[in-house]
Amino acid sequence: MGYKKIKKDQLKTLFNELSKDCSLFVPSGSKGYVGFDPWDGNSADFTEWYGNTTIPPKALFFPPVEAMLRFRKGEAGYEIEELLPNGRPQIVFGVRPCDARALKITDILFSDTYRDPYYLKRRENATIVGLACNEPCDTCFCTSLDISPGESQDVDLLCTDIGDELLMEAVSDKGEDLLSKMSGLSDASGEEESKAKQLGESAKEKITRQIDTSGLLDKMRSSFENREYWEDVSRKCMSCGICTYVCPTCHCFDICDENNKKDGKRVRNWDSCKFPLFTRMPMENPRHEKWRRIRQRYHHKFEYFQMNFEAIACTGCGRCIRECPVNVDVTEIIGGIQAL
Amino acid sequence: MVESSQNDNIEILTYSEVEEVGGYIGNFEVKIRKKARLVDLEKCTGCGTCYQKCPVKVPSEFDMEMGMRKAIYVPFPQAVPNVPVIDKEHCRMFTKGKCSICQKLCQADAIDYEQEDEIIEDKFGAIVVATGYDLFDASVYGEYGGGRFKDVISGLQLERLISPSGPTGGHIIRPSDGKEPKNVVFIQCVGSRDVEKGRPYCSNVCCMYTAKHAVLLKEHLPEVQTNIFYMDIRSPGKNYEQFVQRTMEQFGALYIRGRVSKIYQRGDKLIVKGADTLAACQVEVEADMVVLATGITARHDSKEVATKLGIPYDEFGFFTELHPKLAPIETVTSGVFLTGACQAPKDIPDTVASASGAASKVAALFSSDRMSMAPLVSTIDTSVCSMCKACMEVCPYGAIQEEEITLRDGTKKKQLTVLESVCHGCGACVSTCKSSCIMLRGMTDEQIFDELMAVAQ
Amino acid sequence: MENRLKEEAGKLLKEGKVDYIVGYGKGTVNLRTSPLITNKEEDLEGLVINPFIANNLSRYPVELKGRVGIVVKGCDSRSLTSLMQDKKVKREDLIIFGIPCEGVVDLKKLAGQIGAEIDRVTDAEKEGENLTLQVDGSKKTIPFRDVIFDKCYGCEHPTPLEYDVLLGSEVTPNLDIEKSLEKIKALDDMDTPERWDYWKEQFSKCIRCYGCRNVCPACFCERCFVDVNMPQWVATYATWQDNLTFQLIRTLHVAGRCSDCGECERACPVGIPLRSLQRKMVEEVKDLFGHEVGIDKDAPPVFSHYEATDPDEFMK
Amino acid sequence: MEESNWEPKVIGFLCHWCSYAGADLSGSARLEYPHNIRIIRIPCSGRVDPMFILRALQNGVDGVLVSGCHPGDCHYQSGNFHARRKFAVINRLLKYVGIEPERVQFSWVAASEGPKMAQVIKEFVEGVRKVGPNRLFKDEKKDGE
């Protein structure tokens, strides 16, 4: 189908149209932080200021809190009502390539031997419209993890900001489909195509932060017993859950039943391995000390996930570095391991 | 009193005050100030030479200031111990710096002007509060003269006049001129059942003692006419009503139902104006003497005593029992018992009954080495305690203490622990602990939460 | 200042007078600083003191075992004193380096002024009343007091009250209480339901990462009340109701301990104006009990004692 | 519940020694107070955790009354003094975040003050009635979705 383009001032019209028969999410800063919010018909100028969201798009598919089922004590025992997502089609507009990759990574997990219906149903109904990065942030290091700021195979449709216009390229069938439904598009020229490529290349060059993944798996393994190292790097950590909650690939959750004697519901909510309570068992907590929890987090991302699913559960989005109140830096920690 | 003083198991500390009470039931730690009486208790033989020769005369408190006592004195003839005390405020050794007559005369060498207060600290298993009452000060009744008329006296003053050991040797005479009264008016409910004067309660004893006075008066002075102004006659005790009836019928007391509005002097007579509400008319009685049936009030310092003991008191200053019906002797502080008029106006039989009750309570308490307590005590989950010790700071009983334990690996660890016998279960520690690691058994957060959820349904 | 700190801290470690030095190091994100906690002398070279030292480090000595040399600003020193009152740290275990502080740059405010350029600032320095920045090779000046944290306008004790070594000379308070309490005033002016709606909206954003709690030096509990599940006072998951309840109780718990260091608000990834709650309570505690946080290390915590004359006009 | 036949539901946390006894006394003296109050007995006003108040409101109770002994009369000597400090800040904070002051109230009622207890409850319930049903923590949205 080739490249299409749309004028940025047409985006508002396009969004209004798209949101008619599906839920459309776009980056918005109206709440005091940047997140994907339902399109409110107001302003589509996010292309001008938007680096990346604070809360990653995973929250749209794996929400912070989600009721899984409702139960009620009936005459013949408990009656259970499963609360699956409503199945309304979703379009998420403006997902960065790193976050698109993150979704692919969480896909692996949620569609493994246990196929998580809550996550997958939302994923199946969603079309991801990517937005290439022209101006990566100071904290980005996606290039170290085989992600290009300017291109993505993980989205359904990729947009590139080429000035007054957005260049659009369908990546998947879903993307083709969506593109064909959009009105107000025009064909892009080869010149514009190469401009997009060029912007991608220059964005790549702007990224200076990096981690070295070569031989990392072995290094990670051998670092496990290095208590001194982990104690050193974890000393400033405050054990809050910010890094895990803003991480696009962190996927740990807790399930609890809220019981009102007669009825109740089962709720799944985000949990974080940084909390001492995360692994607490009666009388025992294998990760009572902070350094064990920090070690767990990086080992999970760079070792265990790789062993289980042949992928590193990090996309270099840099959120954890940016949001950490005490500046714990994953690139520093991985760098340290490589230097051990 | 003499009998108790001779019992080996009873130690009487007179002229002493409780300074401080700590500890808890079975283990009260009490600090007592034994005031300096300036007479050596051990040496004094009670011969009485000192107070016979003492040159200073002071109005006697025991005789309701109708008689005199000396600056060194025994408060009343039957006092236990029969050892005098020196009244520093009036003794010439202290007011003028010289005299020492008593010291010179004392054969036993018992007078010691240098003696100082002694502080006794001891442990006690239980405390019985029997601090009694104060007599209502009738001078607030301006209509009865407000204390201006010498011949308007209180019931207790009459009691002293009747007493053979009283200031008049048992002769009933008018304080003003020493004449025998012919016509006596009694006024009841003075400082009782009077909302205006802040005494809405009935003093319980006045109806009966007034009747008794009318009888005694008639027995001493057969010529006398007694007139009793009353509001209602309250005589619910055993044989009480018959006694009142006899007072009227046999002893000729004239009961007039109504209050007195004014007393004034005319010549050497007192004119008592009042109402007879049964006859619906004003009455005027020409009396030689008026006796006020002054009521019972709490001791002036009862609130301070209550604070020391950690027991509550009512708006009038009477101590509050644990339960008005089911636990009339116990107080909220276990191990502290009430008896007598410190709790409420009581007459003699009631006082004796409550005193016997208190004694039995103490005896029962002491009959066993162990006692059962309410299980409402705090307990600490030391595994989550952060040792900020806020609970320790708010505990009014010092029930939370620091202890050192040795862990399995031999290291020492400091932690907090609750002394269960000291904890009263107030729960102040629980709400002060921000992480809920100290919990009040029997009133846990979980229990309150469940109550709350049930109520909120 | 920096050199003196490095020197003195080095001496302390060398002589074994402390086990750890807790100070500020250069951060890995442009302009930011990061806590530097070390027991190695060679790491001390990384110590910095600049207008970007936002973190309140007073929390660290609570968990570090041993004696600690710590760098504090005015507000941090009061947090530290408050922790002494709560018996979480002992004065004799600390060597305190006080930094007289003229305010700390709020990077969010700075970003608001210069936008994406903030990532390209190569050097920043306070020069007189201005903050001088090197951006893309050219110099840029911004009035310093335009970009400091709101809390700094209301700072009555910019010089630490408790220290062993004062790095620099005392700073006199440069107060603009009104500006410091701007947001609180705006809330006070709202009517009751409006205020509730405001907080309801704010706490709808909360993801319960506990950043606010975990950076707070007044939150020293081994186990937080939200982690108690018998009974489950507050749900473990993020609903605005539970989020708000959590934060209100936390606010009450830190009332009388909060030195208005503003770390909670700075840490919050979703931008909840937490300081508007905490600072308000600082005012209330002062108004009710005349208690100012972190002034007297020997005084009992404000809720561990009482006065018979405490206000009770609100009681029926 | 329908707006028209709404009756306030309030919780009273009353200390065992004074206010609870006061409520008892008002009962035995045959004084009437609104049946809208559900009383939870606690040992001392010092036992009251702010959590009780917030949790009650979160669960839809229309008002919370906390009552203890008069200052100086605490059965536990100082419980109500400590409580008073806490109540003072709770009171200020709840007002500040926008909870109607009528909904949360504190009082001192002695064991002998049966009439006062009845009066306090009456006035409190009337105050709650005036501000209406507690919709503070109500949410139209279902959790999760």
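Letters A, B, C and D mark the chains as written, and numbering starts fresh at 1 in each.
The definition used in the following text is that contacts are C-beta pairs under 8 Å (C-beta built on N, C-alpha and C of every residue); 3 or more make two chains touch, one makes a residue touch a chain.
Worth saying up front: this structure is predicted, and the values here are computed from it rather than measured.
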| item | value |
| --- | --- |
| Selected pair, greater C-beta contact count between B-C and B-D | B-D |
| Nearest-to-centre chain - CA centroid comparison | D |
| Mean-CA-position distance for subunit D and subunit B (Å) | 38 |
| Centroid distance [mean C-alpha coordinates] between subunit C and subunit B, Å | 59 |
| CA centroid of subunit A to CA centroid of subunit D, Å | 46 |
| Subunit A and subunit C, separation of their C-alpha mean positions in angstrom | 30 |
| Set of subunit D residues in contact with two or more other chains | 51, 55, 72, 78, 82, 86, 143 |
| Shared-contact residues (touching 2 or more other chains) in subunit A | 65, 267 |
| Multi-partner residues of subunit C (each touching 2 or more other chains) | 225, 233, 237, 239, 303 |
| Interface residues, subunit B side, partner subunit C - complex | 384-390, 393-394, 432, 434-437, 445-446, 449-450 |
| Subunit A to subunit C touching residues, read off their complex | 31-33, 35, 49, 51, 54-55, 64-65, 135, 137-139, 232, 235-236, 238-242, 244-246, 254, 256, 258, 267, 269-270, 272, 275, 277, 290, 321-323, 325-327, 329, 331-332 |
| Residue ranges of subunit B in contact with subunit D within the complex | 307, 310, 312, 314-315, 320, 332, 376, 394, 396, 424-428, 430-432, 440, 443, 445, 448-449, 451-453, 455-456 |
| Complex interface listing, subunit C residues touching subunit D | 187-188, 190, 192-199, 225, 233, 237, 239-242, 244-245, 248-249, 251-252, 255-256, 277, 280-281, 284-285, 288-289, 302-303, 306, 308, 310-312, 314-316 |
| In the complex, subunit D residues that touch subunit C | 50-51, 54-55, 58, 71-72, 78, 81-82, 84-100, 105-108, 120, 123-124, 136-137, 139, 143 |
